[in-house]
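Labels run A, B, C and D following the written order; every chain starts at residue 1.
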Amino acid sequence: MLKVAVIGATGAVGQEFIVALNRHKWFQLTQVAASERSAGKKYVDALRDPSSGILRWHNREEVPEYVKNMVVSKVDDIKPENFDLIFTALESDDAMVIEPKFAKTTPVISTAAAFRYESDVPILIPGVNDDQTDLLKAQGKNRDWKGFVAPLPNCTTTGLAITLKPVLDKFGINKVIMTSMQALSGAGRSPGVIALDITDNVIPYIPKEEEKVQREAKKILGKFARNAITPADFRVSCTCTRVPVLDGHTETVFVETAEAAEPEDVKKEMLKFSKNVSIGKLPSAPKEYIVVHDDPTRPQPRIDRELNDGMTTAVGRLRKDTAFDNGIKYVLLSHNEKMGSAKGAVLLAELLKDKQIL
Amino acid sequence: MLKVAVIGATGAVGQEFIVALNRHKWFQLTQVAASERSAGKKYVDALRDPSSGILRWHNREEVPEYVKNMVVSKVDDIKPENFDLIFTALESDDAMVIEPKFAKTTPVISTAAAFRYESDVPILIPGVNDDQTDLLKAQGKNRDWKGFVAPLPNCTTTGLAITLKPVLDKFGINKVIMTSMQALSGAGRSPGVIALDITDNVIPYIPKEEEKVQREAKKILGKFARNAITPADFRVSCTCTRVPVLDGHTETVFVETAEAAEPEDVKKEMLKFSKNVSIGKLPSAPKEYIVVHDDPTRPQPRIDRELNDGMTTAVGRLRKDTAFDNGIKYVLLSHNEKMGSAKGAVLLAELLKDKQIL
Amino acid sequence: MLKVAVIGATGAVGQEFIVALNRHKWFQLTQVAASERSAGKKYVDALRDPSSGILRWHNREEVPEYVKNMVVSKVDDIKPENFDLIFTALESDDAMVIEPKFAKTTPVISTAAAFRYESDVPILIPGVNDDQTDLLKAQGKNRDWKGFVAPLPNCTTTGLAITLKPVLDKFGINKVIMTSMQALSGAGRSPGVIALDITDNVIPYIPKEEEKVQREAKKILGKFARNAITPADFRVSCTCTRVPVLDGHTETVFVETAEAAEPEDVKKEMLKFSKNVSIGKLPSAPKEYIVVHDDPTRPQPRIDRELNDGMTTAVGRLRKDTAFDNGIKYVLLSHNEKMGSAKGAVLLAELLKDKQIL
Amino acid sequence: MLKVAVIGATGAVGQEFIVALNRHKWFQLTQVAASERSAGKKYVDALRDPSSGILRWHNREEVPEYVKNMVVSKVDDIKPENFDLIFTALESDDAMVIEPKFAKTTPVISTAAAFRYESDVPILIPGVNDDQTDLLKAQGKNRDWKGFVAPLPNCTTTGLAITLKPVLDKFGINKVIMTSMQALSGAGRSPGVIALDITDNVIPYIPKEEEKVQREAKKILGKFARNAITPADFRVSCTCTRVPVLDGHTETVFVETAEAAEPEDVKKEMLKFSKNVSIGKLPSAPKEYIVVHDDPTRPQPRIDRELNDGMTTAVGRLRKDTAFDNGIKYVLLSHNEKMGSAKGAVLLAELLKDKQIL
């Protein structure tokens, strides 16, 4: 068993780490850390909002027993050398300072954006760009770290990159135009989205989100050679919005492919990719990596997000696009807090262990 | 005062007609008709749902006094020759049969799709394609009707066509890619969208909607000459979705322009078009035809939909697109039951009267 | 295995029957029936709404495989003698006609109100008034039926009666005042509650609901002797409302007890009753019949409704009442489509089989 | 014109003050103050949330022009002697410290609970207990203040006290049992209720709310003589919950009257009280103080809350209660941010000016 810590353990993403690590066969959670406000409290007490009295636990499962009484540490009190791996769920500014300290001795898997755009840092989605994991070794040498920082992409990038991968490999891609309808949990819980702002409403803007998705999708799907990533050379344009949905990011995607691609063939490629996905045997991997619905009313976030515990990307409405000569369009759904965040990070840890990088 | 009737007066669109015609200075509502189920009842009684007892009136204002006690007629009992103008809010299949009967003697303004795609029928948005109103005269001759059928576009087309118009005129358009997040009221009330289907959810499909928008936008923005409309020659691709919002369709729009267009210049064109719009003096015209927000969090449906009683199209997030060489993108909001439907139809009636076509 | 049919199988309650009977160890579903509109279709096709194309399946689980391709029968084509038991999920008016026909030969367990108030018909909640099951035998004799009609209570009565039972037995009850905040699924799906009516809203009225709850609670908790039920002699007053919640009825309850009752003692009685509940060993019985939360922010419908697959009644905020001399008050949550409806009906079937009444 | 300041001007209640004072004929807003975080900014800039970029303005109207560019002061920089009246919208702990400082020189009308339960402080609802305004004079003497602190009740008390008043006066009251379904805006906006907590949910607890309502209702409806208030001697018990509604508190009320009262007579008393209400001529007074619906589906918060700009209390479902010998029950709706808060405070200021206490 590898000993692991979760930093930022009381937030929305941190909570998903707690659930994803419950009874894990390879990883043992031995310490949780969070902000000053929570430090010194039992985990379950740190979750309670002082003014409303509400337990700020956002998960279909109850707070797992194994963590309820763990005392929350201050982040500064974490000794990284005590762990084989550290999962971080921090704001980007904090991650920028804290993650390098940890990485000196210990591998860090991060959900923050802080290091994503550095040239020696891959943005990893298990099953999509596993080859880029080699860059982590170079990163350590580069920076004189025993560990490394391995960031996940933004949760809105995940489903997009997963579904574009088989299209890119088979047909090539020139352009991608995407509109997201993002779930509330993507904004966290402290306070995240205020009910007064989103009830009966759509908010057509999420700060910095579009730039992240546009940049990350190309890096993830880029070419890796001689320890360098060359971003994929297609063009991406996004508009990211927030809608009154608890979990699950819905995205409409319009793709101009390099070669003509019939929807039926794209479906076949997606399913073939899903079936043969590299990470199929890892403990947190879903039974299906991608599902493709023929029912035009699917995927719907409330109905489809929990499939395979939120680790499956669902595609629907796959059809010819009418703006491009070679175009297809589809709708995708990805669980932003499962595959798109903490549980995806645990899956990445499994991949790194399997590849003996951990 | 012109005498008018509203057909389909108890549905969601019909109710907006009732409100839009309340104390109108040019039009006097003298008869309302609806389905068998409502016929013979007082208007206000016909609104009540028999099983839940709820008054199915969907409007911020109360049921206007002038109509409460009007007895609802059967559609078959309407004598079109008694009216100067008939507004219809019918299902397309019914409109196909009923509207031609009325048009033999009387002009019909329709919110249904039944006749939109016929070659002698313009799809009219006051302020956008007023020149196409001339086709109504040809239509009458063609079909040996004293009246005509003048349909409005689908409510999702309206805001799109309005905002594309100044872009097309100044910069030319090659491609338009649009994703809609449509309001509940767009699906009507009998029963419209079921709460169990849409709570905490997005439905990624609205039957036939995308085809309508794609076809109508090009016809509305087409060239009119010698009594024929040549559709605009840009390409359009849409994905239409339903979100848990009461009123107001939000759309994300990506445009490849023919000539390079800076966002600031597009904004200027939109505002210039808005200021000089042809219909500015008509009774139901909004003070502003288009507003352009600099605040990136706008437009939001709950906050912006009622501006100028729902007759203004709101634009926001106007910026460079990153997928096209000459590209801009923006978000728009249009009130689907006001400018996009009944009140837009009343505005059209005003335009036709002003042009002495009525 | 007993052979069973479900009548009204495509509605919201019918669907829960389908799920509750999936892989049941005692009951085998061999036929499903529904209205004319569905008859002759495969079950899964009958669920699809013709206008929106949406699969009207309201359940966290997918449509079970065993039923997908079953062809839906017309109700008139059901031969009751082919079944050991028939579950019905019908509107009350239909139940009034259909259930007696079936009961001539076959036991019927019904979620409809049609027969609830007849003197030879008990309203059964397994674990609360099991003794009243004996009335079913008398009913058969009375009416010259081989079978019987055994109705469940209204879904709003269930949680109330379950939580009052231990209070009544230990302390006696004089008065009960209850306000319900009922879930959308309680109104079914054809069409049930319209999203336009309930978004950002509360509807303070549910036709006939209050009368049902007031009458049923007293009958269920009444005394049974010599084949007659004497309603409990406390007084009940309810106000029933609808709120924008998918599943799970929340009720605030104020009780004037006959003897003084400390909240701590009431809690103890509830938990003792739960622990010793008669039906604890039946296949569909929950691990806990009642849970009592000390956390004042619980129970919450979204968080607590699925506990033990919706078969547990959750109580919280148990405290002294300040209006009565001997008063307590609490909040309860009961899953209206699980314990309060179809799965509760299956639990009742299990009880009747266990008692050899089936 | 009296010069007034608003303290806590950027919060949800503060914003309602801004709207209520816009173009007021008696009061001129000359300064706004808020927390350190806002101080020194223009009012409109202080409203913007730094992380989401959203303008935290919660009102159907836009931010009024007259206040947009006013610079927000620190609370400590307010010189109370510069004002004829100060409106405060503060947390109770802050109010406890700040309001007495202001009251030394200047009358304070407060929405905070800090002073409500002091013996020389009346809790005032204009139209209900105007006689208790005399206590403000005694308060000044008592405390050696030139001004006074005049608090409004909790927003959940307001509608309850207003509707009980005519019942109490005519029939007497023994017991009141109330369940509230409170709106999101009642919890403010910094952050108020988190969307993740309330979507598809009811929260059955609002800290301290029930105690406030129970205590305040009796004080407001108490007897005032010789500068002392004797609380009304009926008993009150409440359960307060939060529901997913933007504005408007719905309450179900069960009343045991001292004398028998037919619902029709109660309705008459309510309407008579409404018609003759003392404050009918004040600028912010509604056209109707109470409306009573016969339609059993009313009042509904989304539909009825804005009546007379939120200053009217709506009653519905007035009927016999079945738990009490002499009982009636009804549902009420009161706008928690209009009559129940800032605009109610402005109405109170008008009353005090009219009575020359200001």
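For the reader, a short list of remarks on this structure follows.
Here is the rule we go by: a residue touches a chain if its C-beta (ideal position, glycine included) is under 8 Å from a C-beta of that chain, and two chains touch if they have at least 3 such contacts.
Values in this document were obtained by computation on a predicted structure and should not be read as measured data.
A count of contacting C-beta pairs for B-D and for A-B identifies A-B as the more extensively joined pair. Using the average of C-alpha coordinates as each chain's centre, C ends up farthest from chain B.
With centres set at the average Cα position, the gap from chain A to chain B is 41 Å. Annotation: 46 Å between the Cα-based centres of chain A and chain D. Among the residues of chain C, those touching two or more other chains are numbered 52-54, 199-200, 203, 205, 244, 246, 296-297. By the touch criterion given at the top, residues 12, 51-54, 56, 58, 184-185, 187, 189, 191-200, 203, 205-207, 244, 246 of chain A touch chain D in their complex. Against chain C, in their complex, chain D makes its touches with residues 175-177, 179, 181, 199-205, 214, 235-237, 239, 241, 243-246, 250, 252, 254, 296-303, 316-317, 321-324, 327, 329, 331. Note for the complex: chain C touches chain A at residues 52-55, 60, 199-200, 295-297, 306.
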